[in-house]
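Each of the next two complexes has subunit A plus one other chain: subunit B in the first, subunit C in the second.
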Partner chain A sequence: MTIENKKGWISWFNPFKYGTDRWMYALHRLTGIALGLYLIAHVWETSNILNGPVTWNKIMVDLDYPFGAHYGPYILSLILLVAVYHAMNGIRLTIVENGLMLPKPYRPEFPYKAKSLRGLNNLLKIVLGIFMIVISIVGVYYIFTGAVL
Partner chain B sequence: MQEIALKGFGETVKTVTFRIRRYDPEKQELPKYMEYKIPVQMGMTVLDGILYIKEHLDHSLSTRYSCRMGICGSCGMIINGKEKLACQTQILELGKDLIKVDPMGNYGIVKDLVPDLSNLFRNHEKVKPYIIREEEEPKSEYLQTPAQREEYAMFTDCILCGMCLSACPTSATDELYLGPQALAQGFRYISDNRDLGFNERLNVLDSKQGVWRCHFSGACSEVCPKGVDPALAIQLLRQVMTTNVFVKFKQKGTANAPERKSVSGVS
Partner chain C sequence: MRESQIMFMQYLTGLLIVVFGSFHFLLISVLSPAPDKILYIYNSSTTVHALVGGTLFYANVKAVYTSLAWGSVLELLLTFLVFHVFNGFRTILSEQFPGGRAEKFITYSLLIIALIVFIWGSRTVVVALNGGL
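Moving on to the complex of A and B:
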């Protein structure tokens, strides 16, 4: 009798031993889940304005000072990083999953490194990675100082 | 010269521990790991190691292999966390004293390291991996230039080892997903200029469990022992599907492109 041997959802977050694309896939899933949870919390947070200015102000301060210290900007920066990564990788996937910026069918040669995961796809990763860093620096600077860089 | 090349050959270099996941269908037990110590010689592959265990240490160990040189694709297994053909993996190249051998994931286990590949072959059959023509009997040869052959030649290298499905994170949770192997073969036959079966394959490929289920994690291309690059095939197949909505897909080399019956199946 054969038994099941499914790797299950836990293997989404097991990119070790595979390539960069597999890492980006795992991070994309993770950031996607994080953004989904953030969105729910965000709707709850902003809906509190219906309870009047006193409640609103109290919640704003509570969220800015969680666990008794001024952690608000750090949490916000993290959310920004998550969102920027998800957006940038989303742009890359939209391009690449439509077959653009990929090589034409080629003849595989011995070390058998897949060209679809390299070449222009890699260039796209680097360019969007630079974008991500720039946007993150500007965003984090704004979160902490309130001034546009 | 030859003596230098053969120096150290046949001598035991070191002792390596194999940790193999065992499952016996006759016992009502879950799979468990068992350890074997084997002496390693130069040029010894993981498959050689498993056969050494079978010959000297434990005769009940089961594995599936045939050619021992990476042609047949029978000995796919997870070696130290990554899908590899056991016959092509050198023990000394791994550079570890502990080698963990698991049967391929996302399939059933028949016994020990033998996976149940029926799912793979069923999916392969679904995409109609043969040339479809209107006429029953060919009247003459179907012509093809070398350039036309190059357009799909790399996907014909598939040896059906099934390691792409084992590595695929989508297959890990979705049982009905066609998988990289079948989708790559679908693309191979669609881009063949002798084939006219695009519309016949459309309802299988262009479905929720078909080409749109891929998330391009590239794990299939990463583990493919023949460099078939199934991820590339899936993305190019997607391009065909999306352009098919706007521009009628013209199969190359045919005088009249087949009629596009319906694109409403696009989801």
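Moving on to the complex of A and C:
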């Protein structure tokens, strides 16, 4: 039986009904789509190594100066942030969706607040969030300065 | 293949991408064979871009692609990424356009695009390893 998806992708965004996990879910999907499209562009970009040093070096310089300005490090930093978020949230989803770090099944009781969204799941969000911030700071600092913190 | 098995593969490739992707980031930074472990070198007075000596300079990238060990890492990363990305796209699109015929169309269309991306990326690694640079 086919169930019609009436709301479509708009339903990804409904913070009033679902809260933080819903936002994380929407961001996971958006970052996933962005990284997927980036993969296709990256495969094309790196294939130019086969066209020799002149083509390769020109592409590297052009990508560092898109639209005639020095946006390269900013774009690269954005890609890094998107990748780190997707990776960290992906690790959390792998743990939680496989039933780990969740409370034992219980009888629903009023006011029906899901225990699965609190406790260890929240701790996991905080720990991976800290990891995300540290990795992002180290990565962005390296992109702009070439130095390792 | 059952959807549960495909989802297991999605989790597994995701974790493998974190491991191999970390190698990839290290490869263009601290583990690069470049003399200067820096992406770009700028002349601070003119802000002119210079690749020479940096990790993205042709000779330094070539050294990576002609190494069997690093070439294998990149090929494995590409394999995991292509599965993870295109299965992710399939999941999202199947949710947006549910139904047997639509899902079949989505699956086979994405399979063809995934194969093109995989062959295209593998070509770079294989040709480089076989002295094509």
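By our rule, the second predicted complex is superposed on the first by the 133 of 149 C-alpha atoms of A that agree within 3 Å, B and C clash if a C-alpha of one lies under 4 Å from a C-alpha of the other, contacts with A are read in each partner's own complex, and residues count from 1 in each chain.
We adopt the following convention: a residue touches a chain if its C-beta (ideal position, glycine included) is under 8 Å from a C-beta of that chain, and two chains touch if they have at least 3 such contacts.
These figures come from a predicted structure and were not determined experimentally.
**Q** According to the stated criteria, A:G99 is in contact with first (subunit B), second (subunit C), both, or neither; which is it?
**A** Once the two structures are laid over each other on A, A:G99 reaches subunit B alone.
**Q** For A:S116, is the partner it touches subunit B (first), subunit C (second), both, or none of the two (neither)?
**A** first
**Q** With both complexes superposed on chain A, which partner does A:W9 reach: first (subunit B), second (subunit C), both or neither?
**A** A:W9: touches subunit B and subunit C.
**Q** Tell me which partner A:P53 touches in the superposition: subunit B (first), subunit C (second), both or neither.
**A** A:P53: touches subunit C, not subunit B.
**Q** What is the contact status of A:L35 with respect to subunit B (first) and subunit C (second): first, second, both, or neither?
**A** second
**Q** Taking the contacts subunit A makes with subunit B in one complex and with subunit C in the other, which residues are shared?
**A** 2-5, 8-9, 97-98
**Q** Would you pull the subunit A residues touching subunit C in the complex into a rising list?
**A** 2-5, 8-9, 29, 32-33, 35-36, 39-40, 43-44, 46-47, 49-50, 52-53, 56-57, 60-61, 64-65, 70, 72-73, 76, 83, 87, 90-91, 94, 97-98, 139, 142-143, 146, 148
**Q** Sort out for me which residues of subunit B touch subunit A in the complex.
**A** Residues of subunit B touching subunit A: 23, 25, 31, 80-82, 103-110, 115-116, 150-155, 157, 166-167, 169, 172-173, 175, 191, 214-219, 221-229, 231-232, 235-240, 242.
**Q** Going by the contact rule set out above, which residues of subunit A touch subunit B in the complex?
**A** 1-9, 11-12, 15-22, 24-26, 28, 93, 96-100, 102-109, 112-117
**Q** For subunit C, which residues are in contact with subunit A within the complex?
**A** Within the complex, subunit C contacts subunit A at residues 11, 14-15, 17-18, 21, 25, 29-30, 36-41, 47, 49, 51, 54, 56-59, 61-62, 65, 78, 81-82, 85-86, 88-89, 92, 95-100, 117, 120-121, 123-124, 127-128, 132-133.
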